[in-house]
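Have a look at this one.
First chain written, first letter: the chains are A, B and C, and each begins at residue 1.
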Amino acid sequence: MSARGPAGAGPAAIQLSRIMRPDDANIAGNVHGGTILKMIEEAGAIISTRHCNSQSGEHCVAALARVERTDFLSPMCIGEVAHVSAEITYTSKHSVEVQVNVLSENILTGAKRVTNWATLWYVPLSLKNVDKVLEVPPIQYAWKELEEDGKKRYEEQKLERLVTKQRNGDIIFPVFNPEPYTVGYSQSSLIHLVGPSDCTLHGFVHGGVTMKLMDEVAGIVAARHCKTNIVTASVDAINFHEKIKKGCVITISGRMTFTSNKSMEIEVFVDADPFVDEPKERYRAVSAFFTYVSLSKEGKPVPVPQLVIETEDEKRRFEDGKGRYLQTKAKRQVQMQPLTQQ
Amino acid sequence: MSARGPAGAGPAAIQLSRIMRPDDANIAGNVHGGTILKMIEEAGAIISTRHCNSQSGEHCVAALARVERTDFLSPMCIGEVAHVSAEITYTSKHSVEVQVNVLSENILTGAKRVTNWATLWYVPLSLKNVDKVLEVPPIQYAWKELEEDGKKRYEEQKLERLVTKQRNGDIIFPVFNPEPYTVGYSQSSLIHLVGPSDCTLHGFVHGGVTMKLMDEVAGIVAARHCKTNIVTASVDAINFHEKIKKGCVITISGRMTFTSNKSMEIEVFVDADPFVDEPKERYRAVSAFFTYVSLSKEGKPVPVPQLVIETEDEKRRFEDGKGRYLQTKAKRQVQMQPLTQQ
Amino acid sequence: MSARGPAGAGPAAIQLSRIMRPDDANIAGNVHGGTILKMIEEAGAIISTRHCNSQSGEHCVAALARVERTDFLSPMCIGEVAHVSAEITYTSKHSVEVQVNVLSENILTGAKRVTNWATLWYVPLSLKNVDKVLEVPPIQYAWKELEEDGKKRYEEQKLERLVTKQRNGDIIFPVFNPEPYTVGYSQSSLIHLVGPSDCTLHGFVHGGVTMKLMDEVAGIVAARHCKTNIVTASVDAINFHEKIKKGCVITISGRMTFTSNKSMEIEVFVDADPFVDEPKERYRAVSAFFTYVSLSKEGKPVPVPQLVIETEDEKRRFEDGKGRYLQTKAKRQVQMQPLTQQ
């Protein structure tokens, strides 16, 4: 038997596969969105780190800078095999775009479904000096149009990252004896002590670990609101502006911002507290919006209780959420057309 | 109690051994007290479940009812092997007393140290009807005195369990912009979604899983207060009055109640929210006091900042904590005498 | 981006990849042999379950029946990516042969090394009736010789499985105050309560989970004997005669049987105790021989202390171990020749 190389061969592709276990899922047997986000990020980190070290020079680790909005197209179940395939689709001078798809395979029936597509941006940080961003070796494109499209996506995300850097100051205040279905009723937070297995070779938290915890909080907020079986439907673009170091305590907080007839939007914040070895203050590391749906016992989406708005701030956030909801709905209708015409 | 080995075997003794891994420890390499408490409880659960099923009849799972106060005599490190030995030392009609000792072995140098003794009480619950407590087969005692001593311990703990059942109503309120070293400054809470691996065959949370989470919160409170390497020094008796079911969200909250010159006492509450499948209200499942010490880089205890008291309630709790501290100190001096004379 | 299929395409191949984390390794940073064995078995279980369900009919899960002897050619380290590739190489009426190779990739330097080859045998058990072995759909062979070679391997392993079924009765007795370097000095055992994530859809323990625990015990025995950094060098063929059910307590025991100049052979037994729900007695589920080497700080094999033999039984086992050692050495010299001529 000959030694076979990594899947799809070439330095520009990788595939991770794994059986989904009870610990990866909720009690209804649906795999947590966070489990899938973590696998997606691991695939992206491997392929972009491999690529950025493919030319001789200073060694580096690729750090997650941004994940584009991703939809969970259908739930994955315990016992199914998740196949996560990643390839590099664009490189700028200092960043790498990775596209990932996730396939769920029922090995008993042979049925396969695409459950996710995702696009991630990585930046190579020097192993010797974590604040130094190295240059990315350029990839080869099969067609000139692929490079031009990639450049467009690069410019767009760069702009959006600048914008979100401003609006990270919000804090979730505790509420006493909240009324059912208000924001305070379901808001939740958890804390996590960053351990060695959460971290890269640099000693900084993997983006996928952070996303998994964010999905966990969002899921608890959603379940507290509607008290049914809930699953992740989508995650808005997430920007990772600040790194989180090994030994930090991180607080992950979530609150509901918007409900449509059959979906809930939850805003999640991650704050890092580098309390042991540094004089640094607590800081906001990441924030994001998760959308959840509520499922019946047959796995069909069911209506969710409307969010009860109490303050001006909550009203503003609800309207913002509604804007995102309508925008996404419009975009999806446009994207669906070419698919149905194929 | 002498250090018992794996020998003796028979149905009335068991030993769990495991290498301590990076994720079991803090960044200074000291194994979390909670990791050890979880191993202790697993050993106790196995041996008492095995014993309670040793006579033909209805099958059952032993559920943790109480853990007596335990001291952490010396820290355990990554790479060491923890040996947890348990034996049944007393049985009443409906409960089992298990005594456990923990030995830490450095397999490179061969050095061994006793790190803990613990006493746990279990109750056999029917597998068919979780609310039915079954009868416990009696054990044989080598001497009549062993049975009499056991009966005394049984009566004492029974009394204490009745008392603590009353005082479980306290709630931890959030504080805005707290001053350094106040109670509000370090208080913390985390939430955990109970998954399948947290649970027994009944679908209820293992007592050890709960204790591990409690130690995690207490450790974060202690670290926030003194911003150094902290380790668990002892845990007061814990009573498990209410079971926690799979699928619950549990909130574990901790606040500092007392500081001596070199130790901190942290009160921890566990509240369960059975939000998915049941109409049951949120309830207090467990509460306990953890004592932590702060260590220098050489592993020696160092002074901790004094707790700043702001309210009457805090003052009362501080005095109560001082009472527990002085009582323990007195007891320890008594217990140490025979040891030093050996 | 189009939906790409599983690696290497075709139903007869799969690849699992994963970054090695601190918890996968010992304190010197070498990945445990057991971590690799577990990944190998997961790949084998996926590919053979998929194949056995590829024709319409009763659904089944492939259960591990046997792993052929495997060598660990070079150690893997934290931060490297393990690529585990599996393909089906032979099918009999009721069993599937899977060949697996493991590649270790340093994504910083691009260096790749083959670390393992392994051959596993699976048997399809009906999901409805776990005691019913189903028929395996035949695979297509590129050349007739491949089928004939496979048949030869099939006959050989079938014979060997019959033989080992007899010799499973040995027990490891505890020894008090053992002398250094005797068998009793390093013998060890650990206990594990089988949880849901350890199990297949049938509710039986994955073979890979058992092998990981066996490697853990063998590693503790080896480290106790020579008190240095030790790594798995090889595992002899393992036969899985008896299944282990969820909820069992398993005891994994290891004792040293033989030392050569630079290697140690450790015999490992797995006993299952279905203590809660069944009237079944404790039984021997698996046994195997692991070979370990001791490494210097530079990662070179160093001499190990000779095992001190005290009893006739130990002497017999030592001679048996010597026989296996010499046989393997002879085989390896034959196999190495074509490789060195390439």
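Heads up, the rule we're going with is that contacts are C-beta pairs under 8 Å (C-beta built on N, C-alpha and C of every residue); 3 or more make two chains touch, one makes a residue touch a chain.
Note that this is a predicted model, so its numbers are computed, not measured.
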Q) Is the contact between copies chain B and chain C built from the same residues on both sides or from different ones, judged by whether over half of the numbers are shared? A) different
Q: Just list the two chains that share the greatest number of C-beta contact pairs.
A: A-C
**Q.** Computed distance of Cα centres, chain C from chain B, in Å
**A.** 36
Q) Which chain B residues reach two or more other chains? A) 22-23, 196-197
Q: Note which residues of chain C are touching chain A in the complex, please.
A: 1, 3-8, 11, 14-19, 21-23, 42, 45-46, 49-50, 53-54, 59-61, 79, 81, 83, 85, 87, 89, 99, 101, 103, 105, 107-110, 112, 114, 117, 127, 196-197, 201
Q. Taking the complex as given, what residues does chain A use to touch chain B?
A. 22-23, 26-27, 173-174, 176, 188-193, 195-197, 216-217, 219-220, 223-224, 227-229, 246-247, 249, 273, 275-276
